[in-house]
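The next part holds the structures, each set out as structure tokens.
In the two complexes below, chain A is the common chain; its partner is chain B in one and chain C in the other.
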Partner chain A sequence: MTQTFIVEVIIENKPAARDPEGETIHKDLILKGGYENVKSVRTGKYLKFLVEAEDEKHAEKIVFDLCNALRIYNPVVHTHKILVKGG
Partner chain B sequence: MVKNKPIPVKVNLTPKEIRMVRKLLGREPTYVEWGMFDIMWSEHCSYKSSKPILKKLPTSSPKVLVGPGYDSGIVDVGDGMAVAFKVESHNHPSAIEPYNGAATGIGGIVRDILATGARPILLIDPLRFGKLETGRTKWLFRYVVKGIGDYGNCIGVPTVAGEVEFDESFETNCLVNVACYGLVRKDKIFLARFDKPGDILVLIGGATGRDGIHGVTFASKTISEESEEDRPAVQIGDPFTKKLLIEAVLEVLETGYVDGVKDLGGGGLTCTTSEMAAKGGTGVEIILDNLHVREEGMNPYELMLSESQERMLLAVNPEGLSKVLGVLEKYEIPYSIIGKVTDSGKLIVKFKDEIVASIPPKYLAEAPTIKRKAKKPLNLEKLWRIKKPKEPKNFSEILYKLVSTPNIACKEWVYQQYDHEVGVRTILKPGDSDAAVLRIIETGKAIAVKADCNSRHSYLDPFNGGAGALAEASRNVVCVGAEPLAYTDCCNFGNPEKPEVFWQFKRGVEGLAYMSRKLRIPCVGGNVSFYNEDSESKIAVKPSLVVVILGLIENLDGLVTAAHDCSKGGLAIALALMAIKGKLGVKVDLSKIPTSKPIRMDELLFSESHSRIILTTSTKENAKQILKIANKKGAPANLVGKVTDDDNFTLTFDGRKIVECSVTQMERFWKETIPKALEVR
Partner chain C sequence: MKVAVIQFPGSNCDLDVVHVLRNILNIPTDLVWHKFFQNKIYDAAILPGGFSYGDYLRSGAIASHSPAMEEVKKMAEDGKPVLGICNGFQILIEAGLLPGALLPNDCLKFVCKWVILKCETSRTAFTCLIPEGKILYMPVAHKEGRYFNLEEDLKSIWKEQQVVFRYVDENGNPTLEANPNGSIQNIASVCNKEGNVVGLMPHPERASEKILSPYKNSDGLLLFESMINYLKR
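What follows is the complex of A and B.
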């Protein structure tokens, strides 16, 4: 029996790598807007998949494999997080 | 005997070099000093293998203002103006992260031009990839082009020319070369050196982070599986900050208070400070605690070796410091005052009130050269004696096939992603002609620019490949009416520790030097990228000695309506491309083509012999005059055919039809190849 799962993928630049977009938002929008208590902003990419699979593990694997095969992220510069939500 | 203590950090120096470092300093270096020697004596920073060979290139002419040894070559283009230009490779970063690798390659070269005081006015990108068949190559090709387009377009510098070659030897190691040209008034040229003790050092631009530490030692190794996992973080391009940096630097230099300027690239702060002090015969004192940083807790080793992007170093006259800082603040460019130029003759680095390094700059900047062994590859003789294939029958079919091969096919998919007109100087764009032409608005003259290399020629015959690259590049600028003034070269080779690879390099440069002397076109700079080799397959890239040329057009009129040189695919392809671009037919009698001896039909059509140009002109009288001029100069020339107002591409030999193709059909094949391979449109 297959079920439909929601699989979320969050892709960010590696912690040691820069994020010019986040830096700009932080410097030009947030700090200039007076939110001094915000210490940094990082941007990323968020993808939400609806996947038919036997179980959560399988759903995660399908998405993990396709992200690698299609180079949706590049492990050299990006980190990725995969979250599976129930069917 | 006292044993040496183990070095506290990993260094890539040879045992002999390690002994030399100890002997030079007369003591055990600190770990920071080990790092500094490691990076400065790497192949990438020191050119230790290539320097003795590169000396063979002629480097001067009355027009050369600054030759090799500085970041960019600078050439006089008349009326008080000069052009600074430079080429660099960004092969290794692009092979693992094509988008940011290519983008930051442009970032680096633009900073080099900026450091001469010139405003960057154009970019050229010679690219080489594996066969356009594998997923990996398509991924690299797509994102390298996108990286160049996005970055170049954002900083407002047009990408006006380039070349793309596909060959299986570039499968893991794609070659991404980037060239930038800038315009500067002759009396406003800056040199990257510290001349005046007492000048204040201001580090401007991006904050220093841990990114790219040991990027250059990485570029001095081959790409391995290990580097997949354990490689340094690739730089992320930041074009909008770069645009601000360009404007801020040009304005800061206008103040008259800056005595020296250089960008921070490979080798980071270590390379910039040691080279500038070595050139000026001065010393430097740096206080690392003052650097603006992106990460907490960085140690002096990391601070001295970091290759964070978008940074430049200024040596500022103390009297004008507040004025200079005012300009930086206006553009919101971060900066820090990191030290001063001294007359100590030493590069002294302090951190937390402690001296962590103290080295005479020239020890770092002048690495010992290595005499590499060169040996002709064994298989070459065999390749030279390869049997000619049987002469084919249907030449029309072959022509259709040739225009569809990726190496000859239309590269519109590439250059349509680049803004080639921003800056309003561009007269001839990519695809228009053999070279790009840009106006020097300030003087009413124009410059012609182009990059060329034929890696297959170089593979089979490095000497003639190197010579041919310059011959082709100069032909290309001549075809748009320019006189070639100078060139810079980008050498892309495999592992120089292999005698066969080093032989290719040596012969390539010798060929280039030969052509350079014969044509009297000097070399004003260059870049060498070694270790372009897959560590698993042991396949090195085909030797690729890319020539990037500068030509000057004094007068934009002429007798000629169109000119095209014969290169890849020879005469037949040159004619076909002229027909396709003009959307007109061609009728040529091949028996009229000047040949040195009778040759086979396939050779007549497709030989890639150098130094041949096809010209068209509007009247018979003009044609006669052209022949007269050619005759006077001793250049073989003949009237071979005419342009027709139809769709027929017809080549005959003494009345016998050899090729009969439709121009629109050829155009369709020529245009569809690359979009088809990439599954776009």
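What follows is the complex of A and C.
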């Protein structure tokens, strides 16, 4: 029997690739706002999938496979994280 | 000789390329909708600039899965010339036909200006008439043109002579000021190992007539003339 799961994918630049948007938010908003204990900000892209699958592992595998097959992220420059939540 | 300019949903520099090929160079040229492009009919293909699929996900990411790209891959394997201009370059990168990645500009803004380029290699299908070290003037117009590659891969593309153009100053130096988007090592253009597939962020089709250039030159035409020369060999 299949269930519905929410699968989140977070894509961000590898550490070697600069993230000027994150740097600007950090320098011109966070630090100027007085939050000096915040040491860096990295921006990224967030995708939320609604997936029908047998269980959490199956849902994760479906999204893992499609991320690679369809190049949802560019492996040259991005890292990605997959998080499965209950439906 | 017949050239295809492949039109994706959101392409907007397609007619400029067609104009240069048909009206300036007298080359039989078809404007081909991406779903209908067939490698076997054409000797060369050009992927024009624009905003295919609204730049959703990443510039070029969705168009890289178009049926046309399977045909473009065959074309590349057959050794035919393939040129990607701006969004076309982004599509070739996303399709894995060219190495590296194109990220949002470091200034986070759309940059539209004339830049100076230095030709780094004459071995490609689109630079065979351009001497190495030659300075060319062309405009850029993009928001995601920051070329990036990892250190090891950068070494490899230099070794394999895959860096085609770099942003430079008037003296030919790749300075920070000459770099419009923060591209690593000022790289503006790369090619595949064989040299028949080239991608570049600047627009040669907008620099192919003296009347359009503030420098009164037609440097961009050299890329298309190189392609013709390559095909006649």
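One rule holds in what follows: the second predicted complex is superposed on the first by the 86 of 87 C-alpha atoms of A that agree within 3 Å, B and C clash if a C-alpha of one lies under 4 Å from a C-alpha of the other, contacts with A are read in each partner's own complex, and residues count from 1 in each chain.
We take it that a residue touches a chain if its C-beta (ideal position, glycine included) is under 8 Å from a C-beta of that chain, and two chains touch if they have at least 3 such contacts.
Since the model is a prediction, treat every value here as computed from it, not as a measurement.
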Between chain B and chain C, positioned on chain A by superposition, is the outcome a clash or a fit?
clash
Would you check which partner chain A:Thr24 touches, where first means chain B only, second means chain C only, and both and neither mean what they say?
both
For A:Ile72, using the defined touch cut-off, is the partner it touches chain B, chain C, both, or neither? Pick first, second, both or neither.
second
Chain B or chain C: which reaches more residues on chain A?
C
With the two complexes superposed on chain A, say which partner A:Glu12 touches: chain B (first), chain C (second), both, or neither.
neither
A:Glu60 contacts which: chain B (first), chain C (second), both, neither?
neither
If the two structures are placed on top of each other, which part of chain B overlaps chain C: 7-15, 25-33, 313-321 or 565-573?
565-573
On chain A, positions contacted by chain B and by chain C
13-14, 16-18, 20, 24, 71, 74, 76-77
Contact set on chain A toward chain C in their complex
13-14, 16-18, 20-21, 24, 45, 70-72, 74, 76-78
What does chain A use to touch chain B in their complex?
13-14, 16-20, 24, 71, 74, 76-77
Which residues, counting only chain B, touch chain A once they are in their complex?
96-97, 100, 139, 206, 209-211, 228, 231, 233-238, 240-241, 294-295, 308-309
Hey, which residues of chain C end up touching chain A in the complex?
57-58, 61, 64-65, 93-94, 96, 99-101, 103-108, 148-151, 153, 182
